[in-house]
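Presented below are the structures under discussion, each in the form of structure tokens.
Across the two complexes that follow, subunit A remains constant while its partner is subunit B and subsequently subunit C.
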Partner chain A sequence: MASRLRKEGREKLTGRSQYVDDLRLPGHPEVLHGTTVRSPVARGTLKAVRFGGSIPWKDFVIVTAKDIPAIGGKNAIAHILHDQPCLVDEQINHPEEAIVLLAHPDRFLLEEARRHVTFEIDPLPAVFTIEKSLLKDPVIWGKDNTFKEFTIEKGDVDGVWQTADLIVEGEYHTGAQEQLYIEPNGMIAVANANEGVTVWGSMQCPYYVHHALTHLFALPDDKVRVIQAETGGGFGGKEDYPSMIACHAALLAWKAGKPVKIIYDRAEDLAATTKRHPSSTRHRTAVSRDGKLLAMDIDFLLDGGAYMTISTVVLSRGGIHAAGPYECPNVRIHARALATNSPPYGAFRGFGAPQSLFALERHMDEIAAKVGLAPEELRRRNFLQEGKATATGQIIREKLDLPKLLDSALQSSEFIKKRKAFQEANQDPANPIKRGMGLSTFMHGAGFTGSGEKMLASVAAVEATPAGTVRVLASNTEIGQGQRTVFAQLVADALGIDFDLVEVVQPDTKIVPNSGPTVASRTTMIVGKLVETAAISLRQTLIQSGCLAKTYTTAEFRKACGEYLSKLGALKCFSQYQQPGHIDWDDQKYRGDAYGTFAWAVYVAEVSVDLRTYEAQVDHFTAVQEIGKVVHPVLAAGQIEGGVLQGIGYALSEEVQLRNGRMANNRLTNYIIPTAADAPDIKVIFAENPYPHGPQGAKGIGELPLDGVAPAVLNAVAMALGPEAASRIHSIPLLPESLMKALDGAAESVKGERS
Partner chain B sequence: MRGNIPAYDVRAPKSLTEALEFLHREPGAWKPLAGGTDLMVLLEMGVLEHKRLLSLHAVPELKGIREEKDRFVIGALTTFGEIQAHAELCREFPLLREAAASVGAIAIQNRATLAGNIANASPAADSAPALLALDAKLELASHEGSRWVEYRAFHTGYKKTLLQQGELIRAIALPKLAPGYVHAFRKVGTRKAQAISKVAFAGLARKAPDGKLTEVRLAFGSVAPTAFRATTAESRLQGRVLDLALIRDAKQALQQQLTPIDDVRSTAEYRRRVSLNLLEDFLLQAKNRGEA
Partner chain C sequence: MSPSMSAQKITVRCKINGQDRSFTTYPMARLLDLLREDAGLTGTKEGCGEGECGACSVLVGGELVNSCLIPAIQAEGTEITTIEGIAEGEKLNFIQQAFLEYGGAQCGICTPGMVLAVVYLLNRIKKPEDLTEAALRTALAGNLCRCTGYTKIFESVVRACHARFGASAGASSGDQR
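On to the complex of A and B.
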């Protein structure tokens, strides 16, 4: 069947979609503008706040941490821990930490005022790197700067080193990365003691925001209402930080007695909000002469920034993915998330896995070179198969065919032929353009890690209207990925009615049940299944009531809905997550079924490197993946293409430059994401293997592409530059400046005449 | 938007005389605003210090491209889009076309003007190396009249120019080239659009039938406080036959004129080495031209 049109596509294309900054609140003619005054230092003790300049301060609403107890709540953004304050009281822990909130009707004067708030701060020594955090000098968080630490153990790693044919070691680094959603963050709040708190905003997870607001204001659930406005992208960046902005807007609105709107500009959004965790990974691998992995010892470290936020969960996913789609009898993964005095890192598409898989897949190429095997052959000899166990001991219970994915990727990209041709052409020292082919093989676990889905126990609903249309009620958000369209499609297909009859309700915590956050590649696979199940029970209810025959047309269905509602009242069917019976996970030992299933992929990058400018570019990209059953081919391909380009930026150009913990290049001219002109042609190939617990057989897809792009690109660059330079290409982003350094000291044959 | 919009005043004179009058009456008070693609960035960041802006958008005398017998005269307000759309100009000066096409993105090219790019005086200005290599001349107009200056003398230091108070760039003249030049333009900016250059290069060279370089012009951007002509290297090369030793010699000569810096966009070392590589590449190309 042809792909359905995007539900909100027409509104977006014609500019009619209402994003948070476009909203007008009925009954509230005056909305104040709010802004945030932030810490100029990374760590210190706040001594005093000064309001200077010729600013009419009496006309401003001013909120500090001192206002919070009066409201009755606790000065914390409630998430996994309550360690992150909503506003600095005394202790400053990162640059750009919020200290004072201001509101005023004139946004220009507000900005003037913001510049005239100054702070007296006693600076404290700060920590900016993982290495420094490990030294615990100073301790900046908890007892030892460690947010979380765990070890995954399979077999006996230490019993192998003595007898192994070869031991290959390597250390790999990844930098922070900004999500760069098109629409910066923003919130509007109405808050007072009578009505409670209502916020509208750009977000992925309305119930996370709801949770944070109920804690800050010490209000019952029904006194807090969170409504998602049309949202211009998230990529994980609107998972936890919107809670902070909602709390700020609500505090100002409460004190002002008027609605307050806070809209970040790009500079503030880049400097203050969450990014992908930087990482450092050490691999020690024992391998046999014929290329069998015998033992993998992996030390995986994440920089979590100043507060825990969701670093513990990012660490789990990163650690679990660290050994990749390979079968190895002995594995030890030691994972730690550490505190530094940078703004907290948060969710970003892939959620830890892009970091650990970059290290692994780059390392696999290094192993292949040492063993003397082609990179694809080394991987082929170690692939996981049905019936075999992952690092956590999860037995693969699906028809997994990685060799088939690999062959498809090799053929489609002409990998072998091109590699040979490039190797020959690269020998010519007069040729300043060196080309390479690189690949990565990887997987991504869909849905929350471990028992996360069981604990969430998500609920979604489907209801019939008197007009015979159907409404889908879930808290999952449309953030450009196509959730609204896919939910409507799943329900229309389950009911056998026209797609246009299904409306997906804008998430509003007063109206929709908590179907969990829009994260973790779970929206289609987990919540889509709930929505599909609820639709099936709605149909069964109609049939059982006698209003609908077993076979029917769309017109008969509509009539039946009307008849049911007039005779029997509301028709609304709920569905709650039930963990599939095969999942067995031990949270303490990190053993068992980390995910219900995985999506699997083989990616190939074809690159060229210009030795005159040290610039690497991706010329062609091939993405082969098995994601269960593809529900919506156009949206699915779009997810992969977008993810590939985001991955290319991660690999080659996106560098968050931190100076004393603060982003120095918080502008789009200096934080370099790829443009359309930089996008290679991207070949997207889906292999299908329906997952019985996903709707229409679907698995998760959203995060998958980010996991495999960077290593494929770097492996290709390494091939282009030859083995000597390759051993120095272990970090991303690989900017031209670092590529130049990697080439230094490499064989003259590579450098040719160049200086 | 961090600029305090109500604090700004914008006037839009309808003629050059009127515009020059504004500048004359209140010396230094009015900041000329052409396409605005540099000034609006500062406004958005809240750091545009000039509060009074003189929009030149409606000044007809500053527009248009005119071909004369031995030169092209380009109106100050000519946009990079208009340059690329002018077939004769582009045929005569492919360097200029390539530089124009490398500016920002298409939307920027449709607003940004050649004179604005010059007057803003960034060492990373995309047009600068091309204009230097093409021996551009600038017509500067003021209340008192106008004068012509060599573009290569125009940038006197970081963000400093020959423009006096009350003066505007009125036009840019490019002398036509004799046939037979080898040319190269290269902007290095990490991505293919919306980039600010880390290094920019424009080169022109011409050889006599005996292989001697009769003329060589080498210009660089982003590697010194202003874009510049690599005169030391040029004089080493002038009248000589290119070989690998001479190319090495020219690179050494260029070294002396390179004073790149480390900043948020790149490193001094990278800028220095890429400059040398681009020079070498261009000279190799010139050397091989006409060789079997």
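On to the complex of A and C.
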């Protein structure tokens, strides 16, 4: 069957889709514009706020932290902890932290006014790096700058060092990365004591926003309503920060007595909102002469920024993925997330795993070189298999065939043949273009980590309408990935009716149940399964009621819905997440089944490096993955292709330049994402191995591609440049200037170059 | 680009999607705002406000421009085409249809500008062989997409080229079906 067309495709292609900045609120002809005045310093004590210039301040709505108690709420953005204020009261903890909110009907005058608010601040010493944060001087968060620390232990790592044939050490770094959804963040709020708070906006997680608003305003759940507008990309960047913007817009609207709209421009969005956590990872690995991993000791550090937000869970995923898809009897992973005075880092597609897997997969190539094995051969000798245990002791209970994925990737990319040809051609000193082939093998756990899904206990529903159409009710959001289309397809297939008869309702917390956030590669696998189950229950109800025969046509189904509704009232079936029986996880010890299942992949990058300009570019990319079952071929391939290009940006061009904790290059002219001219041919190959607990056998795929691209690219660059330079290529992004340093043997140090 | 508060408003007359329109606005107001706020055509999007992302691409006098960089005064007397002027009523134009069928639109925010860039590209090629891979990449290099990795956009353009010139046409790039 041909792939179903994207549900909202026509609206998007004709410009009719309503994103937050396009909305007109019925009954509200006047909407004020809101803006945020932010801290110019990284850390300090706020002494005074001054409203200067010849600005008619009496015409402005002005909100500060002092307004929040009057509403009865608490000055905090409710995430895991309530450590992050909605507005600075006295203590400033990062640049761009929100201090004052302004609203006015004229957005040009508003911008003029924003520039005339100044602050008197007593500066305090600040911390900008992981290394400095570890020194605890000064302590800027909690007792010791540590948001979270845990250790995963398997076997006895320390018993191996004395007897191992080889010990290979390495240190690896990854920089921050901006999600760079093309639609900047934005929210519109209507808020007053009578009606409560209603917000419309660009977001991934309506119930996260709902949670934050109920806490800030101390309102009961039914007095807060959150509606997702069409959303122009998220990638994790619209997971937690929209709560902040919704709170700001709602505070202004409450005080103004009028709706307020806050739309960030690109510069503000880049400077103030969350990014991928920078990381630093140290590997010490014991290996036998024949290339068996004997012990892996991994120290994994994340820079969390100034507040906890969701860094603890990013650390969990990153730590759990740090030992990769390999079987090793002795593993220790020590993971820490630390505070710095940068804006808080947050979710970005991959969620900690791209950082730890970059380190591991780059390190595997270093090990291969020391052992004298080809990179693919070292990996092949250590692959996890069915019945074997991951670092957390999770026994693989599926027909995992990593050698087959590897063979497919090697063959499809002509890896061996090209590597040989490149190695020969690269010998010629007259040739300024060096080419390389690199690979990575990895996995991504689908759904929330550990007992996360059990605690979420998501609910989704399916209901019949009098016209005989079916509506899907879930809080998961369409952000480009195709959620609306996939849910409609799963329900249409489960009911055996036309795809066009299924409508997926725009998430609105007044209408849809809480099926959890749109994150963690969980939308298709976890919530899609709920939606499918609810649809089956709806069909059974129709059959049991006598309105529908066991076999039926779409027309008969429609008639049966009408008959049921007129005779028996509403027909709405719910489904709630039940943890599959095989999952057993210990949150305290980080032992057991960290995920219901994993998607598995082998990626190959073919690169060329120009020794005259020090530019590396990806010429071809091959992405082979096993994702359970491909539900929608066009959307699935689209997820992989898009993720691969984001990964190439992460590897080669996307540098967040921090100066005193602030992003200095917060513009699209100097934060460089790949364009149509930079995109390589991307070959996507799917292998299938249906997961019994996923809808139609599907696993999650959204984040997977980000995990394996950067190490494959850097491994290819390292191959192109030879072993001496390779040992200095341990950090991303690998910009031309860092490549120049690596080639000139300068600064970029590599520690632990012993074997 | 914010208009000076002391500036005098002017009248701008232009043709948008075939209709004569007239606006009272500041001379240095952005064409993007004129389209979105004064003309109510919100299909044109703002992604960066500095001419880097192409989300606000429209055709002015047949030329592809970033409407965030064009002052309203320059729109005087011009013919402008926005995304709202591409479909024929409810029938998608062949470029929109190809994007719909081949997955060229994901989150949709770059899509209006991207479609205008493809309209501009395909308007300028005289025969299918002109759509080389290099021409295709160059033509779309000013329109950033963060979702697709461009693969399905390239495929959609090649398919749209087929639709325009007949089935044998177009670059081979991106055609993986």
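Please note the rule applied: the second predicted complex is superposed on the first by the 744 of 755 C-alpha atoms of A that agree within 3 Å, B and C clash if a C-alpha of one lies under 4 Å from a C-alpha of the other, contacts with A are read in each partner's own complex, and residues count from 1 in each chain.
Here is the rule we use: a residue touches a chain if its C-beta (ideal position, glycine included) is under 8 Å from a C-beta of that chain, and two chains touch if they have at least 3 such contacts.
Predicted model only: the values in this text are computed from it and were never measured.
By the touch criterion defined above, A:Asp265 reaches both subunit B and subunit C. Between subunit B and subunit C, C contacts the larger number of subunit A residues.
Using the contact criterion defined above for the overlaid structures, shared-chain residue A:Ala664 touches subunit B, although it does not reach subunit C.
By the document's definition of touching, neither partner reaches A:Gly73: not subunit B, not subunit C. When the shared chain is aligned, subunit C comes close enough to touch A:Tyr181, but subunit B does not. Legend: residue contacts after superposition of the two complexes on their common chain; A:Phe108 is shown touching both subunit B and subunit C. Contacts of A:Thr675 after superposition on the shared chain: both subunit B and subunit C are touched. By the touch criterion defined above, A:Leu735 lies against subunit B but remains apart from subunit C after alignment on the C-alpha atoms of chain A.
Contact with subunit B, but none with subunit C, is seen for A:Tyr614 once the two complexes are overlaid on the shared chain. Contacts of A:Gly596 after superposition: neither subunit B nor subunit C is touched. When the two complexes are superposed on chain A, the residues of subunit A that touch both subunit B and subunit C are 108-109, 111-112, 265, 668-669, 673, 675-677.
Residue ranges on subunit A touching subunit C, taken from their complex, read 3, 5-6, 8-19, 21-22, 108-109, 111-112, 179-184, 230-235, 265-266, 479-482, 634-635, 637-638, 641-646, 667-669, 673, 675-677, 679, 681-684.
Those residues of subunit C that touch subunit A in the complex are listed here as 2-3, 5, 36, 41-50, 52-53, 55, 82-84, 86-87, 92, 96, 99-103, 105-112, 115, 136-138, 140-154, 173, 176. Taken together, the subunit B residues at the contact with subunit A in this complex read 1-7, 41, 44-46, 105, 186, 188, 190-196, 198-199, 244, 251, 264-267, 269-270, 273-274, 276-278, 280-281. Considering their complex, residues 107-109, 111-112, 115, 265, 267, 432, 611-615, 653, 657, 664-665, 668-670, 672-678, 735-737, 740, 753-755 of subunit A touch subunit B.
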